[in-house]
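The same chain A turns up in both complexes below, where it pairs with chain B and then with chain C.
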Partner chain A sequence: MYRLGIDVDGVNTYCVVVSQNLQVICKAQLPTTDDVLTGIEQIVRHVLQHAGLHPSQIKAVIIGTSQGYKALLDHQNLAGVITIRLGTSKGSIPPLYEADQSLQQAIRLRYVELPGGHMVDGTPYPMENSRSLLEQFLRGVSVNPDDAFAIASTFSPMNGDHERQVAAWIKQLCGTHVSLTMSHEIGNIGFLERENTAVLNAALARSMRQTLCGLTELFQCLGVSAGIFLTQNNGSVMSHTYALRYPIRTLCSRACNSFRGAAFLAGRNDCVMVNVEENLTHIGIWKKGFPKLIGVGRKIAGIPVNLQMPEISTLDWGAKREVDDDALDRIYQAIQRYQPRFEPLPILFTGEGSEKVVPLFKYPWADVVQTDHTAYVSAIGACIAPISGHVDRMYWLNENNGRDEAIALAKEEAVKEAVLAGANPETVNIQAIEAAPLSYIPCQALRIQVRATGLIEPNGPFR
Partner chain B sequence: MNSVIQERDIPSLACGARYLGSGGGGNSYLLQLLTMRAIRDCGPVPFVSALAMDEGTWSAPVAIMGSPSILNEKILTGVELLQAVQILEEQAGIRIDALMGLEIGGLNALTPVLAAALSGRPLLDSDGMGRAFTELQMTTFHAFGVSASPLVMVNEQGRWEHIATPSNWDVEWIARRKVIDLGGWATIASYPMKLQQVKEVGIHQSFSLAKRLGDSVIAAKEDIHQVMKALVQIFSHSLYGRPAKLIEGKVVELERRITGGMMNGMLVIEGEGEHIGEQLEVVFQNEFLLAKQGDRLIATVPDLLCVLDVDNGFPIVVEEMENHKKVWVVAIPAHPLIRHSKMLQTVGPKRYGLAKEFIPLEQLRQSDDREAEGHVSAGY
Partner chain C sequence: MRYLGKQEIEDIAVGAALLGTGGGGDPYIGKLMTLQAIEEYGPIQLLTVDEVPQDALVVSSGMMGAPTVMIEKAPSGHEARKAFQMLEGFLGQKVFATYPIEAGGLNSMLPLALAAQMGLPVVDVDGMGRAFPELQMATFYLDGIAATPMAIADEKGNVNLIDTIDSLWAERIARSATIQMGGSVMFAIYPMKGRQLKESGIHNILKLEEDLGRTIRLAKEQNTEPIREILAITNGFELFRGKVIDINRKTETGFARGTASMEGLEEYKGETLKLRFQNEHLIAMTEERLLCVTPDLIAVLDAETGVPITTEGLRYGARAVVIGIPCHPKWRTAKGIETCGPGYFGYDVEYLPVEELAKKGVAER
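Moving on to the complex of A and B:
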C-alpha cells in the first residue's frame, strides 16, 4: 500500500509516492497548470507509471496547496457571503471593515445584527425575536444557491449555542445544503477578528467545493479509489469532507508540510527549522512533531483574523543573491528567538538555497543538519502528517464544573474532532493540553487547548 | 497639534499612547476603527488647550473601565460614551461643554476622542494620569482634591449605574464590582470639574505629546534604533525627561498569575550585545511597575517602563508578553506632577508593596554610572 503526497505551489506541482515502511519510492515535479487539476492529473499519471504501481495500490492521497490563499488575494472564485452577528451592541464596526472594495464586492457582503450572544460566563442574552428578524432579513436580500453564511455570536468560544441555533434556522429557511461557518469552530476570543475569519472561511467555500469535486472526479478517472485528504495550518491533515467546512485551515499549511517533511528526513522531532527558498527564508520551531501556533495579531489579505497559524519568521532577501555575513547574522538572530534558554535545539536546514548557507553557517552550540530531497520536503511532509482534532475553547469554572471537568470535556471534544477529520477512532490519542486563565477576565474563565491526533487507517505505520 | 483632531491623527495618537501605557491600558483595534469612523462621519474633533478655555466651563474625563479582553469580544458602539456624559450631566445638574482624558496610556487615549467626535464637544489636551494606571483614584485629579463623584457607568445595552460617595477609594471599590454586573466593562464619566480646576490639577499637553510621539515612531518605520531615537527626542523635549535603555536581550522567564482580576507577575531578561552577562527583572501588575538587577533598584513606578519588541520597536503589553521574545527595556521619567508627593501616596512603589520610597530614574541612573566607574553605555 502506498500514499501519494501532492504539493502545489504557484510555480510547480510536486508529487511523491511513499511506501508503507515510509520510503520515498518515486518523486516528480511539473509546472503548476492554471486550473491546478490538469497538472495534478499529469503528475499522478507520471508517478504511477514510473513507480510501476496500479492505482488500486494507493491507499491515501494527501494534498497541500495554497490555492485558497491565492483565491483570497486575487478575489477569484469567492462565494457570496451573508453574515449574521449575534450580540448586544448595535451599529458597531461591521465585518471586513478594512477589506478593500473589490474584496467586499467579490463576496457581496450582506450583513445583519440580531439580539443574542452570551456573557463572559456563558449565560445567554435573550434572543428575543431573532428568528423573525432573520426571516425578515433573508426575505430582503437575494440569496443565491452558491452563497455561504457566516455566523458570529458574542462569547461563542465560551458557549456556541446561539450560533448553532441560528445555523439550524438557516437550514430550515434556506435548505440543509447551504454552506455555513460558525465562528466558534474557527477562532477564540476577539470578536471582530473571529467574525472576519468566519466570513473569509465562508467565502472560500465555493472554490474549495469545486476543487474537491474536481479532485474526486479526477482520481476516480485515474482509478484511484483512495480517500482524499488536505493538509491544514496546524501541521496535520483532514479528510476532504472536513476541509469543505474549514477551507481557511488550508491557507498556510504548506510551510508546516515542509517542516514536517524535513524533520522526518532528518529523523528529528524537536528542532529549529530554516527553510531557505530563492528569495525568502522561513524560520520556525518544530516541537514534538508539531509547529508552534499563534492565533492573535495575524492578517490574511490585509484583514485581521483570529486563526491558529504556525509562528514563522520570514526573512526577505529581495534582489540579494550572495550569502554574506549580514545574511548569516540575520538567520542567526532569527534562530536565536526560537532557541530555549538552556540546551539549544539542533538546527535543520532545508530548501533549495540551504546548500549555499550551511557550509558558511557557524553554530557551535548545537547540531546543524541539512536535508536532502529539498524540493520535495513539502510533498513528503504532507504524506506523513497525522490527522488531528484541535479544540481551543473557553470554559467557565464553578463548583460543579471544575478545572478537571472542563479539561475532560475539551479532551472529549478534541477526540470527536479528530474522528470527524477522518481519523480511525481506535488510533486517536491526546497529544497536548494547555490550560491558561484569560488575561483580565476574573479567574473563573479558563482557556483550554487540546490536540488529539490519530491515523487514517488502524495499525498503519503512517503517523 | 492642530486645533482639530482628524481621522489621520488617530493611528499616531493610538501608537504614542501604547508607549505611555507602560505595558498596560490595553490595545484596541476596535476603538481605533470606531474613532476613525466617528471622525469621518461627524467631522474633526475641536481640540483645545485647557489653559485657553473659560474657567467656568464644566468638563469631565471619559474612559472605559474593565477588561480589554471582554471589550474585544463584547464590542462597543460608542453611543455608550454619550449616554455616560449625558447621565452625568443630569445627575450632577451641570452642562458639560468639554471632554478630557482620564488616562493617556493605552486604549483610553482614544475613548475621549471618540466621545468628542460623536457628541461634537471639544476635547481638552489634558488627562489625569500622564500614562496608564489601573484604578480610578490613581489620578492627579484625586491627588489634588477633586471628587470622582458622581461617577456614571454605562454598558452596551444602555444599562447604567450611578455612584456618589465622598471617598474616591470607595468609588473605585464600588465601581470595580459594578463593572462585573454590567458585563465586564463599562464606559465611565466621572470627576466633573470646572476648567479652573482642570488647569490646576490636570496633566496638560498629553494628547499632543502622544500624537507627536506616535508620528515620530511611525516615521521610524519599525526600526528599533530609530524608535529609540524618536523616544529620546520626544521625551527629552517634554516635561517627562530623557528615556534610558536599561537592557537589550531575551525574555527567559515569565510568570503571570491573575489575582483579584489583576495580572501579576514578573519577567526576566537576559542581556545580549553590549548587555551580555546582565540580567534584569521586571515586575508587573497590569502595568510594568519596577525593574531591578538582583536587589538593586533600576527603575520604579510611577516612572514608565516599556518593553519594546526588537522586531519593530513597538511596546509589548503585559497580556501579550511571551517567553523567548527579544526585547529592549526602556524607562521613561514620569511627568513631574505624577512624581508629586501627593500623587506618590496613590501610585508610588510603596502602594504596590514594592519599595519603601520612590527614587527618580535620573537619580538611579547616576548612582548606576558611578558604580560602573565612568562606564557609559553607548548611544542612549
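Moving on to the complex of A and C:
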C-alpha cells in the first residue's frame, strides 16, 4: 500500500511515493507542463518505474495545486456565473462590488434579487413569488451549459433552507448537472464577503471539473485505480468529488502542505515555520498538526472573501537576495509575532533558501531546525494530510436548545462533513471547538466552529 | 461647504475607526454603501455647523443593534429613508441636513450614505467625539436635548416612532424593539435646530477623521511611521507598545466584554498592559498604574501601519501601540462622568484625565 503525493507549482511538478509506514521511498521533479496533466503523467510513470511499483499498489493519490489561484488572477478558464441573492433589501451593493471590471466581464456576472432569507434567529422571510421571479429572470438571461450558479441568502449560516430551495428549483429548471454553490456551505456571517466567496467558487467550477476529469482519465490510463484527493486551505485533504463542489478551498493549500511536510520531516507537531523561497519568505505557526486559520479580512485577487485560510506572514525577501542584517531582523520579527509568551516554540526552516539563512540566524530561546528534502516538503505534506470536516456557523439558543446541545449538534455536523469529504468514519475525531456570541444586542446567537479530522479511507465512497 | 468624494470617504472610514476606540462595528459595509451612493448620486455636501440655518431641522442617522446582523442584511438605504419620512411627518417639518451621532465604525459612514441617497447635506459635527454603545451617551443628552421623537426602521418595512420621557428610556425601548425587529435597525434620532446642534455638538469631527485617515494612508505610501503625527493631531499620548498575549472575551447582556493583555516591547519591556473593553476600549492599565479611563479615548493601532484595530480584530501576537486621547471637555463634567465614566460600565475605578495620568507616568519613570 502506497500513496502518491503530487505538488504542482508554476514551475515544477514534484512527486513522492510514501509507504504505509510513512517512509518516502521515491521522489522526482519535472517541469510543469502548460496543460499540467502531461507533466503529472510523465512524473507518475517515472516514479512508478523507479520505485518498481505496480499501479495497483497505489491506494491514494493526493494532489496539491495552486492552479485555481492562477485561474482567478489571470481570469483564465473561468465559468460564467449567475448569482441569486435572497433577502429583503433591494438595490443594495451588488456582488463583487470591489472587483475590477475585467473579472466581472470574464465571468459575465448576471444577478437577481429574490425575496427570501432568514432573520438572525433563523425565522424565515416569506419567499412569496420567488420561484416565478427566478423563472422569469432565467428566461431573460442567456444560460450557457457551462455557467455556474452562486446562491446567497440572508443569514444562511443560521439557516440554509432557502439556499437549498433555490438550488432545487434551479436543478428543475436547468437540469441536475448544473454547477451550484450555496454560500452557507462556504462562509460565515458577513453577507457580501460570503456571496463573493460563493461567486468565486462558482467561477472556478469549470476549470476544476476539467482538471479532475483529466486526472481521473489519466490515472485510469495509468492503471491506478486509487482515490484522488486534493489538499485544501485548512491543511487537510478532500475527496475529488468534494473538490468539485468547493474548488475555492484548494487555492492556498500548498502553503499548508509545505508546513505539514516540514513538520513531519522534523518530527515536530508544534513549531513556527519559516519557508524561504527564492523571492519570498512565508512565516506561520503550526500547532497540534494544523495551521492557524483566520476567516475575516481576507482577500482573493483583491476581492474580500469569507473563507478560512491559514494565517501566514509573507516577506518580500527571498534567498535570491543577500542575507543581510535587515533580512534576518525581518524574519526574526515575523517569527516573534507567532511565538507564545512562555516557552517559545522551535523554529523550523524549510524551503530551498533555508540553507543560506539558517547558519546566520540567531535565536537563543528555542531550537532552530532545518528540514531536508526541501523541494519536496509540499508533496510530502500533501501525502500525509488527514481529511477534515469544518463547521463554522451560527446557532440560535432557546430553552430546548442550550449551548451544550448546539455544540453537540455542531460536532455531529463536523463529523458528517469529514465523512463526506472522504474520511473513514471510524477514524474521525473532534480536534477543536470554539464558541463565541454576538455583540451589541443581548441575544441568543452563538457562533460555533468545530473541526473534526479523520484518515483517508482508500476504499471509501468516493471511488 | 465642501464636497466629499471617494478618497475622502476612504480616509474618513479609517479615521473614524480610530476614534471608534475599538468598537462601533467594522465600517466596511458602511463605506461600500457610501461609495456606491456617491457613484450613483454624486459627491456629498459637507457643511460646517455655522452654515446650518439657526432654525433648520437637523436629524442624526445611523444604525443600532448588532453590527454582525447588519453586515448580514446588506441594507439598501430604504430603511433610513423611511425613518426620516416618519419623523418628518410627525414633526411637520422637512429635514435640512443629517449628521453622525458618533465617530467610529459604521455610524460614521451611514449618515454619509443616506445623505448621498437623499440629496441631503451632512453637518461636520457629532454627539460623542468617539463611539459609545448607548443612545443617551451623547453631549446632547448632557445639554438636555432629547433623543426623541426618534424613528427606527427595519428592512422588512416596519417603522417605529418612539417618544419618551427621557433619553434613557429611549435607549431602553429602542433597544428592546431592535431585538424584536431582527437585531439591527436604522434610526433617525436627536432631531434639533441648527442652533442647538452648534451649541451642543462636537465640531469638525469628520475633518478630524479625514485628517487621521489621510495621515495613516500617506504614511503607508511613504513607508513612514504615522503614530507621532496621529498623537499631534489628537493631542494624544502614547500609552504602551507591545504584543497581544491574551484575549479573554465574555458576552454578557449583549456586550462583548473582555480583557486583552499585552506584553511590553521596547521601552515598555517588562510591563504588562491590561485593556478592558465592552465593545469599546474603556480602561487601559498596567499592574502598577492606570493609563487611561473612559470617557477619554483608548485606541489600539497596528504598530507598523497605525491602522486602528477593533476589539473584535485583536489577535494573539499582534503588535500594537496603545494611545490615549483626551475626550471632549463636556464629558469631563460630573454629568458626563456619570453618563459614561468607568462607574457606569461597572468598573471600580476613579476617572482621571489622561493628561494627568500620563504626567504621573512620566514622573514615575
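In this text, the second predicted complex is superposed on the first by the 449 of 463 C-alpha atoms of A that agree within 3 Å, B and C clash if a C-alpha of one lies under 4 Å from a C-alpha of the other, contacts with A are read in each partner's own complex, and residues count from 1 in each chain.
Please note the rule applied: a contact is a pair of C-beta atoms (placed from the backbone, for glycine too) under 8 Å apart; a residue touches a chain by one contact, two chains touch by 3 or more.
Keep in mind that what you see is a predicted model, and the values were worked out from it rather than measured.
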{"item": "Clash-or-fit label for the pair chain B, chain C on chain A", "value": "clash"}
{"item": "First (chain B), second (chain C), both or neither touched by A:I303", "value": "neither"}
{"item": "Touching partner for A:L109 - first (chain B), second (chain C), both, neither", "value": "neither"}
{"item": "First, second, both or neither for A:L192, with chain B first and chain C second", "value": "both"}
{"item": "Partner chain in contact with A:S89 - chain B first, chain C second, else both or neither", "value": "both"}
{"item": "Overlap of chain C and chain B interfaces on chain A (superposed complexes)", "value": "87-93, 97-98, 119-120, 154-155, 189-192, 296-297, 304, 336-339, 341, 437-443"}
{"item": "In the complex with chain A, residue positions of chain C that touch it", "value": "25, 28-29, 32-33, 36, 65-69, 71-79, 133, 155-156, 175, 178-179, 182-184, 243, 245-246, 249, 251, 253-256, 263, 279, 312-313, 315, 317-319"}
{"item": "Parts of chain B lying in touch with chain A, wherever the complex brings them together", "value": "26, 29-30, 33-34, 37, 66-70, 72-79, 156-157, 180, 183-184, 250, 252-253, 256, 258-259, 261, 263, 270, 286, 318-320, 324-326"}
{"item": "Touching residues on chain A, where the partner in the complex is chain C", "value": "87-93, 97-98, 119-120, 125, 154-155, 189-192, 294, 296-297, 304, 336-339, 341, 436-443"}
{"item": "Residue ranges of chain A touching chain B (in the complex, touch as defined)", "value": "87-93, 97-98, 117, 119-120, 154-155, 189-193, 296-297, 304, 333, 336-341, 437-443"}
